[in-house]
Amino acid sequence: MALSLVKKAILANPHSLRKNVGVFCNAARNHWNYQYKPGPYPKTMAERQAAAKKYGLSIEEYQPYPEEMGYGDYPKLPDIGADSKDPHYPYDLPYLKRNFNEPFHVASEIIGEDRFNISVKHRIPLWQQWTWFLGVMFGSYMLYRYLDDYKIGRPVVAKQYPQEGPHYMFCPK
Amino acid sequence: MLFMINSNKMFFFFTLFFSTLISISSNSWLGCWIGLEINLLSFIPLITSPNNLLNSEASLKYFLTQSIAPINFLFSILLKLLMLNFFFHDLFSIMINSSLLMKMGSIPFHFWFPNIMEGLSWLNCFILMTWQKISPLILLSYYMNINFISIIMIFNCIIGVIGSFNQNSIRKLMAFSSINNLGWMMSSLMISESIWKLFFFLYSFLIMIMCIMSYLINIFFINQLFNINLNFFFKISIMINFLSLGGLPPLLGFFSKWMIINFLIMNNMFLITFFFIMSSLIMIFVYIRIIYSSLLSYSFKFKWFKNFIKYNYIMIINFFSLISLSGMIFSTFFFI
Amino acid sequence: MGNLLGSFNARNVNLNMDDKPTFDPQEGFSYERKPREMIAKEEDLISARIPPKYRDYCAHHLLEYQVCRYKNVPLMYKCAHEKHAYLNCEHQDYVMRMKEFERERRLRVRENRLIGVA
Amino acid sequence: MHQKFSICFISFFFLFFFMLMNLFMMIYFIISNLTIMIEWEIISFNSISIVMSILLDWMSLLFMMFVLLISSSVIYWKKSYMSSEINLNRFIILVIMFVLSMILLIISPNIISILLGWDGLGLISYCLVIYYQNVKSYNAGMLTALSNRIGDVMILMVIAWMLNYGSWNYIYYLMFMKNDFFMNVISIMIILAAMTKSAQIPFSSWLPAAMAAPTPVSALVHSSTLVTAGVYLLIRFNLLLEDMFMLKILLLFSGLTMMMAGISANYEYDLKKIIALSTLSQLGLMMSILSMGYGDLAFFHLLTHAMFKALLFMCAGVLIHMMNDNQDIRMMGGLSIFIPVTSLCFNISNMALCGIPFLAGFYSKDLILEVTMMSNLNMMVLYLYYFSTGLTMFYTIRLMMYLMINDFNLMSVYNLYDEDYIMLKSMMILLFMSLISGSMLSWMIFCYPYMIFMSLNMKLMVIYVSLMGGMMGWLVSKMNIYSVNKFLMMYNLNMFFTLMWFMPNLSVYGFNYYILSFSKNLYKNIDMGWSELFSGYGMFNLIKNYSLISMIYQMNNFKIYLFSFVFWMLLIMLMILV
């Protein structure tokens, strides 16, 4: 439907295409949104199978969200941030690290590469990192405080200024 | 603007204006009463129209309420004349104040006000909401029971908000918003008449903008705004003026409210201020619902239907919204 | 590395860098010491806008250096001679401060020995 | 792009002209000891005046001259480097705005106009870091912007605190209000702001991340503009900061920054990151000498460092161009044979960086180290200074071994060419400057020369540590794949040093994890829970129900209504009569 609308509009007035491209995009988007709405929550085994097939998953990995969450039959995908996905795999859409027809995670907009990586695995745990960093900073601060009492300077007295009284040289008058 | 052609209407407009002047400038209560009666009798011909049943109904209702109020007014002033007893000072003032509250359509005698507004055209609504309130308010200021009126003020604000909360009819909504503003007006009257004058002027200015805009696009209900395809500047104008009416800070409507809040706080009337501010918060919510339907809603718009508005009206409306925005300048210079 | 430690050697008499000498200037000398004299005039220093920090006993060299800089803009390297003279004077001043330090240290050690602290 | 007057050339011309103007003015100002302050009062109310003021003295003019010289040659260089860029105009405009906000920062003695320049730097640096629009540079830009935001907030708070004095011309209050409590708070905030901008230790993770920007931007940002803004601010505030406790902390932190960056640079294989970390190390040097009270030395080092660091980045840009956009130093090698002129520039700037005598860096760095040695010093700081000096030599020699001596490892088909004369010409300007600027400045700006007097060993200590560092660098560059296994023996320690003391991790994950989980709980319990029930939805329902009830009253009979009014009047009358 959307496509025919667009086609008609282009044929009617090609120059208006640029101006109204937002309208067309919106019309098209609304259409697609309607089609991609998740179905009702699958209750029987057959429904589960159909839903798994719909989202391109095998029945073992397919698992819907609990019914009261209102996501319908949308699959519960594992919580893997885009940053933890393999960067070298030849994805269809490398900038999203996603293959064609692969379902999005429900929270995909907040676990993208530009956001927090929820499945991050540090080689060194975070508390250890804090301990290392703060320990070194604190340790060097304590050392600094301790060594503040043992300053080394040149063996000289304060600079002599004429207005601070007479100063004498080391030779007879 | 039909009344400019109709000579009868011109005459009744003349008496409408002058009756108010009579009542507020006379130095006896009887003269005030005469002014009120002439006011009633000159407004009724203005709102009747032979073609519209609703108008006739409204005029009849208006006649009934507005005749009962001055009768009681007359009654109470005569009673006061007869019984010169200062012990009953409070109760006399309550009686006179009640009849005036009835006259201006305030709580607790406000029930006629939205009903009659529903049957009027937008220009008559404007007169009813602004000019018709001058003489009762001024008379109220002559003989005011502060305790009574303070309670009435608070209830005006609350009922005005609660009544307008669920309204679909814009005229009723404006009626309730007018009741809400009546609370502010009474409080300003309590403080000083010059503040009241300024507040009343700004309020009637904003109401005028709203009435003229609704008159131009012929809108009476909120759901009509969903379907209408308006000019962008018109939408912006509606938005700015409604927000101004609700009292959003940088705009003109806030300036008048700010003055009143300032003086109320200086006079240690914190409870009243609290109720006023809270009610105007909800009032803004109500106005935003209208703005929302007219401005932000997208789905039901008739793309092929364009509301045609004459260019000079647009100019006027843009000028109005410019003045609404000028509240920033006013409020900058007010307290410096 | 003895030099690096510098004032560290005087810690046992609680003497640090940039301390002021506490003893009488003549103490421990068999002869009368020659006083140092300020050659540059205060008015000249003020008119040349030399900061107080630099108004020491070598200020006359500094004044000459400033005059030379003013004359030779922007070829400042022509003032190498004046700069050298000034730095030499500062060097002598520094050496004198070092001597004062050593004298102060020895006097303190001597005093401690006399009152039997250490 | 190849027409005669491209935007690059025009910008170059104007910036260069402006630079010359500044140069002559600087010489005049410095010799007549002149300071000009221009003040325009914008608004004044209630004893507070907001003024736009400009302070011209030899310091601001000299700094402006250096900024303009570097930016003009970088922009000229860009004509070749960015020649295939489609949005070149946008890029040039961004860079010029960057330079302008830096100049605004330099010439303003007023904290409000400093904030304008400061925020301008932050915003435009963000725009420039995310210039290559991909996720990596977006993340780097966000890290840069948010780290700098802390400093912006500090400056904003300084504005709020300075309201107490009725004017924001801080320059008048530095001596006068020194012992005031407010001024102490202000100075702490200023120090924090400078630490974010100059990437000192808790905030240093953004500086290597900002390498996602195009190389000319790096050349500009990391040499003279963005990162030196903090140092410059502290130089301006130096009078106030003397003898403050916070300054001692700054001394320690900047010393640690110096060491941290030096160590990390040795672990790094990314060409630009090595240079960025060396910038960080030099910034630490400037900050620490500043916090010992020698503002002029910090300024001196800032200027000379700007020259050779810009040149270093420009050479790195040329190399990246030739290496098919590859930045890994393991791929490069033997460059001195293929591209002798660029290698010359690279080596000279690198040598200047580690302070080989009579190049630009020698005059400032040697002076700083000797002045440090001459002062009454904490041993920890002494150690940090000399160790970091050794580390500078360490990573410089390592980098040079990788680039110049080792074998070329990239591809069997390659095209290393040294005939890009636009780049070479602009590099020659900076090459000349990094040869002479140290000597020139040391004659020019030190009206009151420093006298250095120390024993031979102390004098030679710089050379000792440099030689040791160079030796280590040579050894490390010989490292092979099996040597890497040695790292596994102390894995955690090595990760600690490699990852800049875990700072990038900690400033991203270390904070965000806790904050995000807290905000998730808030969202779940407050926004979607109680708050929704009580304020949003609940309040609406409540008022709606009241409204319905009031509507029931509204819908009554007209007769009853009128009757009730009359009844009310009768009631009151009865009260009167009875």
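Chains here go by letter, A, B, C and D, matching the order in which they are written, and residues are numbered from 1 within each.
As a working rule, a contact is a pair of C-beta atoms (placed from the backbone, for glycine too) under 8 Å apart; a residue touches a chain by one contact, two chains touch by 3 or more.
Owing to the predicted nature of the structure, the values given are computational and were not obtained by experimental measurement.
J.: Using the touch definition from the top, list the chains contacting both chain A and chain B.
T.: Shared contacts of chain A and chain B: D.
J.: Which chain lies the greatest distance away from chain A when centres are computed from Cα atoms alone?
T.: The most distant chain relative to chain A turns out to be C.
J.: Most central chain by CA mean?
T.: It is chain D that sits nearest the middle.
J.: Go ahead and note the Å separation of the Cα centroids belonging to chain A and chain C.
T.: The mean C-alpha positions of chain A and chain C differ by 62 Å.
J.: Indicate the whole-number Å distance between the mean C-alpha point of chain C and the mean C-alpha point of chain D.
T.: Taking the average C-alpha coordinate of chain C and of chain D, the gap between them is 40 Å.
J.: Give, as an integer number of Å, the spacing between the C-alpha centres of chain D and chain A.
T.: Distance between chain centres: 24 Å.
J.: At least two other chains touched by the same residue of chain D: list those residues.
T.: Each of 375-376, 454 in chain D touches at least two other chains.
J.: Residue numbers in chain C touching 2 or more other chains?
T.: 4, 7, 16-18, 94
J.: Under the stated touch criterion, can you name all the chain pairs that qualify?
T.: Those chain pairs satisfying the definition are A-C, A-D, B-D, C-D.
J.: Along chain D, where are the residues that touch chain A in the complex?
T.: Listed in rising order, the residues of chain D that touch chain A are 134-135, 138-139, 142, 201, 248-249, 252, 256, 374-382, 454, 492, 495-496, 501-503, 505-506, 509-510, 512-513, 516.
J.: Which residues of chain A touch chain C in the complex?
T.: Listed in rising order, the residues are 150-162, 166-173.
J.: List the residues on chain D that touch chain B in their complex, please.
T.: Touch residues, chain D against chain B: 45, 543-544, 546-548, 550-551, 553-554, 556, 558, 561-562, 565-566, 568-569, 572-573, 575-576.
J.: Could you list, by residue number, the parts of chain C that touch chain D in their complex?
T.: Result: residues 1, 3-4, 7, 16-18, 49-51, 54, 62, 65-66, 69-70, 73-74, 76-77, 83, 86-87, 90-91, 94-95 of chain C touch chain D.
J.: Within their complex, state which residues of chain B touch chain D.
T.: 61, 64-65, 68-69, 72, 75-76, 79, 83, 88, 91-92, 94-95, 98-99, 102, 109, 111-112, 114-115, 159, 161-163, 165-166, 282, 336
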